[in-house]
Amino acid sequence: MIDLLQNYWLYFLLGQYPEGPLGGLTLTILLSVSALLLASPVGLLLGLARVSQHRALRWPVTALIFVVRGSPLLMVIFWAYFFLPSVTGQQTDQFPTMLIALAIFNGAYLAEIVRAGIQALPRGQMESARALGLSYTTAMRRVILPQALRNSLPSLVNQLVTTIKETSLGYIIGLAEVSFIASQINIQVLTMPVQVYGVLALTYFVLCFGLSRIAYALERRLARRPISSGAPV
Amino acid sequence: MSELPIVEFRAVNKWYGRYHALVDVSETVQRGEVVVVCGPSGSGKSTFIRTINRLEPIDSGTILLDGRDIHRAVSDVDEFRSGIGFVFQQFNLFPHLNVLDNCMLAPMSVRKLGAAEAKDRVMTLLDRVGLAHKATAFPAELSGGQQQRVAIARALAMEPPLILFDEPTSALDPEMVGEVLTVIRDLAHRGMTLICVTHEMGFAREVADRILFMDHGAVLERATPSEFFRQPAHPRARQFLADIRSPFAPAMR
Amino acid sequence: MMELDFSVVLSAEFRSWLIGGLVLSLQLTFITLLLALPLGIAVALMRLSSLAALRWLGFAFVEGIRNIPLLVHMLFWYFGATALLPEAARAWLYEHNAESVCAVIALTFYTAAYMAEDVRSGIRTIPATQTEAARALGLGAAETWRRIVLPQALRASVPPLVSQTVSLWKNTSIATVIGAAELMYQAQRVETASFRGVETFAVATLAYLSVSLIITALSIAYQRRYPVRPA
């Protein structure tokens, strides 16, 4: 077991870098963070469209979110795999494919989180902002969204945890993230599958459990300083 | 001197589904008037005042503000609203902003005032409502009465010619009602045009120029306070005042 | 825009592959559901037990499983756990659909961990006053659980459990990595053989969406028949 760790820890962490593209745990973390960063504006825009007054905006977006959330992530990845080359005109690498697929998939989930956050605010907030003469956009930007997004912060951290787990599906299209690397190690070593996959499981656990504890602490802190809007209803 | 009324209702009707909320309402309010609207629950008084700045749409008739139809406007609703102050029953302060920012947001964003000028204006108003020392506090740190006074300052910061009050003291504990009514009375004495929906009859008697009594969506009586409280003409108005003066009488019969 | 030709994908041979895959996906879902739900309820009860050891065990189960991706669960059971079996058992397993068996095991543990949390939150919505009232009437602890709290809690848990079932249905697609011949696997197979990627995956996507819709529709009907009546 010690030999296993000693021989392969660098490969596990970095993949083939520097003799090849970046891989392993570093790639997993890089992919997760990038995907969530990309998914956030997507989720925000889709969420705003979901609460919009204009039907022409609301209906197509609702349909899109329904289809994306109703499909397995693996399906979305395959769609990206097959569609992206025809859109970009060239064969797309695994990393951009996963990135786009994860951005769209998580964007759809974030859209629902944003929508729920906005609709949880009392109606009086938007009413008083509009009564002052603020435009819809300004009211959203300065009054509604700051409150809605602050309340959604724990959900965002949980979404990062989910994204980290989702990157494991890059295995299926041959992306050298940490699960794929672990399998490569297993193929080379052959006699220690339990140890190899055990270490892989432990790695995910430490990363994800740690982050979810942070989300939990955030939620507790937010609950202690409640945002109370005006008189008790 | 004949002047355009600041608010004019012409045969306004509104339905919520099958419920007739406003029935053929025609009223005018002149500049500088203080009008109190009263009536039993469900009489339509909140609906009446909320249609003035189009928080509620209407189904027929016209509402004119300084001669302009607010319900027909498409692109300048915001401009209309910035000229009308509105104070809500639930205060509706923005909890993520402190008192100063709450009041400065609209003047800076809508009227494009500079930060220094806005702050000057707001601090003067906060002083007027007695809360200058709370300028950097957050709404959650204030009592109900204090929050409502900030809400009034926030509305005044836009320097509107007209202010609407939708039951401004109904959500307050009794001991805080007085401090808010004092502020509103001060506005009346400064000559502002006020339309106030309220249950506070003592306040109405003292401050109002005119009282509108509403029931079931219609304005049943318009009178000066002395006429209204001494000898109301409409039987339902009489009933309303009797119920207010001796609330337990029906239970004793 | 390339021409779409669904007839190729829906031809007899490919159609039978896809239908076979759909059937296996449904079987995986159904069997997992039968196993995961009782396990989830048991773990939820463990987490609410008065014994600290049981509570910790339940917590470890839920957190340990939920923080590891389903893909890794599948790889572990299929490549790791099978290596620990004695030779004879392993041979028998490979004769009898090792892929599906390992997929069900991985899916059961994974789904049970999430269902345990849904049941636990359902139990927590039942106010303590219900327990107080039952005990005040003289009902014992076990009976209070069985007759008063649990029936209400389970009914309250139905919406999140249904959503979890839809997730389970979608998660069966991950069994493809260990070679289970479910819908996603078959879709890849058809795509490779027919070169009709868009059509194949459109049909498969439609299948996934339809079953998700049916599950949700059934649950709405169920909730109308057995509504949650809050205390």
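Side notes on the structure shown:
Order as written gives the chain letters A, B and C; numbering starts at 1 within each chain.
Methods note: a contact is a pair of C-beta atoms (placed from the backbone, for glycine too) under 8 Å apart; a residue touches a chain by one contact, two chains touch by 3 or more.
Small disclaimer: the values here were computed from a predicted structure and weren't measured.
The innermost chain, defined by the distance from its C-alpha mean to the mean of all protein C-alpha atoms, is A. Ranking all chains by how far their C-alpha centres lie from the centre of chain A, first place goes to B.
Between chain B and chain C, the centres computed from C-alpha atoms are 56 Å apart. Each chain gets one centre point, the mean of its Cα atoms, and the points for chain A and chain B are 47 Å apart.
Centroids built from CA atoms put chain C at 22 Å from chain A. Across the complex, chain C is touched by residues 67, 70-75, 78-79, 82-83, 86, 161, 165-166, 168-169, 171-172, 179, 182-183, 186, 193-194, 196-198, 200-201, 204-205, 207-209, 212 of chain A.
For chain C in complex with chain A, the touching residues are 2, 63-64, 66-73, 75-76, 79-81, 83-84, 166, 170-171, 173-174, 176-177, 184, 187-188, 197-198, 201, 204-205, 208-209, 212-213. Across the complex, chain A is touched by residues 53, 55, 78-84, 86, 88-96, 105-106, 109-110, 139-140, 144, 147, 151, 154-155, 158, 171-172 of chain B.
Residues 122, 124-125, 127-135, 138, 142-143, 146-147, 150, 226-233 of chain A are the ones that touch chain B when the two sit in their complex.
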